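The following blocks contain the structures, represented as structure tokens.
Below, chain A partners chain B and then partners chain C, in two separate complexes.
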Partner chain A sequence: MADYIVDETVDITDVVCPITFVKVKVALEELDVGQILRIRMNDGEPVQNVPRSCKEEGQQVLKLLCNGDGTYDLIVKKLED
Partner chain B sequence: MAFSNEQLERYARHIILKEIGVKGQKKLLNGSVLIIGAGGLGAPAAMYLAAAGVGTIGIVDADVVDLSNLQRQIIHAMKDIDKPKVISAKETMEEMNPDVKVNAIQAFVSSENILELIEPYDFIIDGTDNFPAKFLINDACVMAKKPFSHAGIIRFKGQLMTYVPGQGPCYRCVFHEPPPKNAVPTCKEAGVVGAMGGVIGSLQAMEAIKYLTGVGDLLAGRLMTYDAIKMEFRTIKLPHDTSTCPVCGENPTITELIDYEQAACELK
Partner chain C sequence: MAVDYAALKKGGFMRQKQKNCFSLRLRVVGGNVTAKQLSTVAEVAEKYGDGHVHLTSRQSIEIPFVKLDDIDAVKAALAEGNVEPGVCGPRVRTVTACQGAAICPSGCIDTYALAKKLDDHYFARELPHKFKFGITGCQNNCLKAEENDAGIKGGMEVTWNKDACILCGVCEKTCRQNAITIADGDITVDRSKCNYCGRCVKACPPDAWIGEPGYIVSFGGLFGNAISKGESFLPLIKDEDTLFRVLDAAVEFFNQNANSGERFKFTIDRYGWDKFREEMLEAMHG
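Now for the complex of A and B:
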């Protein structure tokens, strides 16, 4: 059982860098501090860059889950407005 | 206000910045800047602010585009010669970014119209080329409590400072009054490297963007100078004696706007 509850999901598999993180930032904007965002992303550049960018913005990366279909789910907790 | 996909792409490099982000870009789109002078300074300032998505940009200038302007006034092109500068500037800005509403005002600023012109705007950019206009803009902004960016360029040199009400000296605190007529040559007489307008006008655009987004430290209480020959920037901390300035001081003696006389050579 997951030790967190996802409040919102954003799919960034349809865009490439830098729009990937732009979409994440827009999604985070809509959340309250303490809420959790699931980000569905492609393998490769997004997996390398988006978690790091989230950390640099002061957000907490909880988990990176492999979906087994070439996509990953990044679970991020919003810590900063 | 939600961003369209096109806006997300257009402003991606702003939105990615921690200091600007979604909120900052919204502030820019909701912000307004008046640029006085569509010349060497105003041209790059206007273009960067339009590209940045500043929602409302006013531009004031009485002149028409002349071939001799094109060496530095990059918002205008050959096809614009003899066109009012503000119309040429508006067309360029609207071609760059349809998010921007441009108010083109073909006029000289004077004591009669300046307060009305600056009133609707959040931030003012002084891109003028003469002392009467610079003192007029300063005094009007002090009286109307409007922040503005002063700048001047000549030959290989440029300077700028930012006035924010209550946060340091105004232009008149530093320079008191216009120099005697013909004591200082104009750019027309002395020359100026075109790129100087790009350097200093871009810094003015940066100050406007920082003011609108609330990011970082403005050049309030500081004068920045740029010497391209020596390739040196200097930042000089300015004293602020609130008791003595005739316009922003505690007991102002200048309470009405002044139209100083232009040197004859500056009038076409």
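Now for the complex of A and C:
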């Protein structure tokens, strides 16, 4: 049913701001343009801020999924190097 | 000849405990100083002060240890580098601002542009007591708007554009007020919870949230001998003309009603907040 295929996954539930986004940036760097990253993050600050940071970096946020266990999956397509 | 301390204070010269020494306050707008101005300040501090400057709590610069006899030479040296003395005493003080929308990703309004306009319009205006303006770009409130007699905070009235929305779910979680609910392919906003922070606009991946910038004005803040948070009771003000109409009315109210040496908050307390609120609402609606 999903209209995207996840190429890589990064888990940032084990770190706090600002390392959350550092980890995301490193994961994005390793992808090719057009590939899709799934970012598993905690509720609270990460889910409030990481989607916006991805947008500000010029990447395309496709979906935020609630996992029902206090974590969320953000699906991001890499648009820029 | 007797020294006219009040006149010196008006011109930004603050008497020090050291005899014949003054700490010269400079005119700074919105916390921005050019590199050229800074180098002029440095030269003057070296030549006429004791080689250091003080950064004030409200974004100004003071050059301490300026001698009474050097005041005219100091003013001339500063003028060459486009630096002016500031003010102290019962008048409109330094207009402070955060970096705002021109620099900061969180900013909802151009705080520096507004600070310059406020400075042009009000700076040094004589009033019954000091009067402070502070401008902050968003709800993060880095500039602490409500500490000021008149505080201005940037906000955004938000509208959802359903056609552009991909229902990704980001806005619902980004909103710190829990004002946004996504259900059955539709999004609703609880307007009673929305605080105009604009975070949904900033975070929305396909820009399906449209933000119309505006000003949240607070009145009667002070943070000195007495401490009180400025009150915001007007709806979001969406244009500069209306903003200036409200601020003009507030300053004129203070000028007309304040006792000498009475801060804005205490004038409003004495006069009655209900009546004051009505007057500001009238000014807002023109």
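Just so it is clear, the second predicted complex is superposed on the first by the 81 of 81 C-alpha atoms of A that agree within 3 Å, B and C clash if a C-alpha of one lies under 4 Å from a C-alpha of the other, contacts with A are read in each partner's own complex, and residues count from 1 in each chain.
Keep in mind that, in the parts below, a contact is a pair of C-beta atoms (placed from the backbone, for glycine too) under 8 Å apart; a residue touches a chain by one contact, two chains touch by 3 or more.
Predicted, not measured: the structure shown is a model, and the values here were computed from it.
Enquirer: Under the stated touch criterion, name the partner, chain B or chain C, that contacts more residues in chain A.
Expert: Touching more residues of chain A than the other partner does is C.
Enquirer: Touch test for A:29: chain B only (first), chain C only (second), both, or neither?
Expert: first
Enquirer: Check the residue A:48 against both partner chains and state whether it touches chain B (first), chain C (second), both, or neither.
Expert: Touch status of A:48: second partner only.
Enquirer: For A:19, is the partner it touches chain B (first), chain C (second), both, or none of the two (neither)?
Expert: In the superposed model, A:19 contacts chain B only, not chain C.
Enquirer: After lining up the shared chain so the two structures overlap, which partner does A:62 touch, if you call chain B first and chain C second: first, second, both or neither?
Expert: Touch partner of A:62: chain C, not chain B.
Enquirer: In the superposed view, which residues of chain A touch chain B and also chain C?
Expert: Dual-contact residues (chain A): 56.
Enquirer: Which residues, counting only chain A, touch chain B once they are in their complex?
Expert: Contact set of chain A toward chain B: 18-19, 21-23, 25-26, 29, 53, 56-57.
Enquirer: Touching residues of chain C toward chain A in the complex: what are they?
Expert: Per the touch definition, chain C meets chain A at residues 105, 166, 168-170, 173-174, 176, 199, 202-205.
Enquirer: Show me the residue ranges of chain B that touch chain A in the complex, using the header's touch definition.
Expert: So the residues of chain B touching chain A come out as 3, 8-9, 12-13, 15-16, 18, 21-23.
Enquirer: Using the touch rule from the top, collect the residues of chain A that touch chain C in their complex.
Expert: Counting only chain A, the residues touching chain C are 43, 47-49, 51-52, 55-56, 60-66, 72, 74.
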